[in-house]
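The structures come next, written out as structure tokens.
There are two complexes below, and they share subunit A, which is joined by subunit B in the first and by subunit C in the second.
For the complex of A and B:
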């Protein structure tokens, strides 16, 4: 079987972690489910399970050779996920009653056309920049969020099992982790560092944000859309301007970055990239439109992608091991 | 064309090649019984040096020589007439040197010409750079002659590692470009890359740094320059200490600096003369000013048109009241004011200083007072536009980019509110993060993140800590290429 290692640019630990975290943050922004303590618990449990599934990959990544058909499988899943995320982003804009509902998707696609045409290194660098911005913004959250926080809200009933499954669905980008790990820089510590950062970000920071959001539940009356935007209602220093706008900026930014990253993973590296780029973008848009029309949120798809992403490398390694043994046996015969 | 030993034929050929140009001065003289000719170019040589260093010693020659070649060889080998003298047998090189301010001595029977460097053309004296003023730093700026600029750098860096390399560019103008770098801090491969690009410039003439820069940058469409310019020798020296390469261009007081990182455009020489705390505050003020200059008009439009819930009731009612009497839409109002502002600025810039100031004042009064009173524009819009424009002056390096980007952001905000701004912002971020020059990403040291290098970006730490790091810009390239 023809085997290959993707020839995409190598990324540092921070760049890989930033991309994966922002993809998760993008899904987090788009999630319209109210926050509860059980939600945070479910998220945390899901991250633990995912970490247990993925951490051995770090050890085995040197042995992993991704065959061409599997690479196409990864590309296909990246394309599907891009469509799901595009649909999610449009839904978020609709939920937030964003202006110009017909113009905005066109603008979104025009921006995607440009960002997808930039080198993959630009995506990685933009991810780091956005992560720095997001982290700076999140430093403000406790300051303003705790003013209106009520610990009693933590005792509201919730569904931890649903949150566990939702976390799997929303972390479908992890399906691309085997491909990303083979793109890691040749320094030994980069891959574990990347995965550790992702696990800490998703397992510790996001559940804490959910808890903080849960404590704001008293302010969720008559609110449509992501409850995340209520975490920061007013700036700590002034009542004149609300800072929700910053999070809306970040949400759209994360969505663009996430879809760009997925589309760039889906595009085969050819000498004439313009045509594949355009066709992939059109397919993604068409699929997103279908998802919006049918109301499909990619529930099963996300879970399948996450499980495949974690399971496929082990399957590949097993197949590789068997074929190597067979070859050795033939040679001895 | 090679020179032959026939003096008359050589002179005829040279006159033919120059079209009998009137600035070519030919002095025929007989030295030690051999007919000779001294060629100079009008206004390019120093008359005093010519008399002292060339005429007097040559007139004092008493020996006899078998032919002109022996005479020139004797002068070249034994007489120190000029520190910069050379022999050439090519007519093209001879003319280039002649027009660069050399005096050329031809002799009967010699198939080579002796060139003496006695340049003495008139040039602007060294003065304070008008575009990069500072309070505590040096007051001398680059001038037009490249050799004067080389001396300004050498005076500040007496290290033998400082290297200058002259390259001729422009097929017609043959302009001198001078690469300068510190050998122990810049990889030879980078110098070779830059030299190769400069040597193959497809230009007929190089009249300013703007002619060269696009050929060194990756794309013509760059809004953020990856190659910087400076008028200050102290800044160029500081940049070279970090392992950057400078390019001096004859005839222009601006030096190019390769590479320029985006973050550095917020730094000035004065930052390093102020106390660190104050310099840090100033730096953050500049970051804030950049955001204001770019986003304030767009954010105002987005909030007023599409997201009034982001504003407090009192502020919102103030804005509504002000806008009620204005006949134009908010977007048209904002774009109109910014257009007027740019027009007034451009008019003031190109006129003589005395008139330019008056134009600025009249324009300011017109827009600021008369337009508001007549009800054509509202006070909040004027305030926002003026704030944005003033904030833009804090970072003059980005004026061109801001002028292009402001309308883009305004259109995006008017069309789609905050999501529109976010989309335009992502375009800009991708543009900046995707820009590289010779393998240096301009978004460094934030992306790729180099935490140790943020001490001169997020804050301006003291010199004790800054000097510990010994930052070399090559680290960025290594990290990007790893």
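For the complex of A and C:
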């Protein structure tokens, strides 16, 4: 079996965790499903299942060698996910009535063009910075929002099963985790730390935010648009949806970073010439435009990517184990 | 490389001027008359003028005002919306299209809101804020009004300007149902708990609520719902029995005039019933919930102390 070794710059635990958390955060900002207690419950259950699937990978990552066909599968999924996330970001900007919405895709493209040309280390460093900003903002949310919250809203009916599946759909970036894990700095403690941070961030912070949003948004369950920005609009700190510059910029920043990261994973090598890089970008833009036009939100693709991302490494390890045993058997013969 | 980025950044900054500020008007008060023909008026903060227009549909107020003003209209900082007609037809459209901010204050005027704005007789957003902070009215911003319309029993309440006083009007998809009395409004404000000070006259002596901890619970007796408001209120008064009587009357009136008479669920009664394990509240339609509320009984059990 032809095997490959990582050729991209190695990331620390914090950088890996920041990238994965921001990708999830980007999908969270764009998700139009209203918050309910069942949403938080389903989300938490999905994170528990994902953690149970992913944490054993930390122990097994030294044994994992990703073959070239599997690597291409990861790249293809990264490219498609980048297109889905671009479409989501565009929908969010349009829904938030950003000024001059037609110029935004052009700006988005320009930023992507610049960031894709930069080394991956720059993306990782930006991710850490954005994560710090997002954390600071989220710390302020409960402080400002609790006064207007109604705990009785937690009894609003909801669909936990739908939330469970949605969490898998929006965690499609985890499909790239095997590549990231084999791409970390060669220190033993880094990978467990990164995964623990991702699990805590997604399992504790986001469901709590959904619960706060449920108490704050209350009966506004048929609101068309991002419930997160509705929550912001209804917290005493912010005045109106459209003037909440910090969160809007953060949402756009997260989307750009998420798409950049996915495109960087989709590009074959670090030192790829400009033309293939540009063609990857153009394919992503074209696919995103198709998704916007057709209203596709990556439903089936996301679930398939997340499940494959968590399951494929085990499959690869099993195949590797079988082929190693066969080779050993042949040698003894 | 860094130098070139810096030059590009500075160049971009020089080219980015806020020219649209000069051509944009931000109204602080907007009036929409959904009569036939529809009319709209806005008070522009920049030059302190009132601009009026005749839109082909009330929801197309922005285009009409832009044509009349010769400027782009940005209603993001709107602090008060005056409207008449059926709020259930206008408010959801305005909110879903994000023409107004969710926390914008809304005021119902029985007739000619544009004329009221033009004559300067309309109450200000500050007056509404003061009514909320002194416990005369509960908080009823556009999002809360819309939330009760789409959830609960489909009956909502919004502040109304009637005979030069602020009150609350109940409405559903068909239009305005009733107008609440001052006592019921105060009861709703007390139950909502969003006031800063809550004072009233108890038997010719001033009484101020220092703190209130109220809770609503529900139970079902032979298929009939029963809601109980219980809790304790600490007051500053020299006439405790009179204060207790008045506070109980305020809460009772609020429940009677909203839930029992109109079937309005403004106090999360449906969610309270769900919390208390009443399964009917989960499955019934808005209309069925309204009928259940009308048939329900309400009990007030307050402990008022000094």
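Simple rule for what comes next: the second predicted complex is superposed on the first by the 309 of 333 C-alpha atoms of A that agree within 3 Å, B and C clash if a C-alpha of one lies under 4 Å from a C-alpha of the other, contacts with A are read in each partner's own complex, and residues count from 1 in each chain.
Basically, a residue touches a chain if its C-beta (ideal position, glycine included) is under 8 Å from a C-beta of that chain, and two chains touch if they have at least 3 such contacts.
Here the structure is a predicted model, which means the values were calculated and not measured.
Trainee: Just to be sure I read the superposition right, which of the two partners does A:156 touch: subunit B = first, subunit C = second, or both, or neither?
Mentor: After superposing on A, A:156 lies in contact with subunit C but is clear of subunit B.
Trainee: Just subunit B (first), just subunit C (second), both, or neither: which does A:49 touch?
Mentor: So A:49 meets neither subunit B nor subunit C here.
Trainee: Should A:256 be classified as contacting the first partner (subunit B), the second (subunit C), both, or neither?
Mentor: The answer is first: A:256 touches subunit B but not subunit C.
Trainee: Examine A:315 and indicate which partner it touches, taking first as subunit B and second as subunit C; both and neither are also allowed.
Mentor: After superposition on chain A, A:315 lies in contact with neither partner.
Trainee: More residues of subunit A are touched by which chain, subunit B or subunit C?
Mentor: B
Trainee: Using the touch definition from the top, say if A:15 reaches subunit B (first), subunit C (second), both or neither.
Mentor: So A:15 only meets subunit B here.
Trainee: Which residues form the common part of the subunit A surface touched by subunit B and by subunit C?
Mentor: Residues 99, 239-242 of subunit A touch both subunit B and subunit C.
Trainee: Going by the contact rule at the top, pick out the subunit B residues touching subunit A in the complex.
Mentor: Subunit B residues touching subunit A: 299, 302-303, 305-307, 309-312, 314-315, 412, 415-423, 425-427, 429-431, 433-434, 441, 443, 446-449, 479-480, 482.
Trainee: Going by the contact rule at the top, pick out the subunit A residues touching subunit B in the complex.
Mentor: My answer: residues 10, 12, 14-15, 93, 98-100, 103-104, 107-108, 111, 114-115, 118-119, 121-130, 132, 185-187, 239-242, 244-245, 248-253, 256-257, 260.
Trainee: Which of the residues in subunit A come into contact with subunit C in the complex?
Mentor: Within the complex, subunit A touches subunit C at residues 95-97, 99, 150, 152-153, 155-157, 218-225, 230, 233-234, 239-243.
Trainee: Going by the contact rule set out above, which residues of subunit C touch subunit A in the complex?
Mentor: Of all residues in subunit C, those touching subunit A are 20, 76-77, 95-96, 98, 101-103, 143-144, 146-148, 150-152, 268, 271-272, 274-275, 282.
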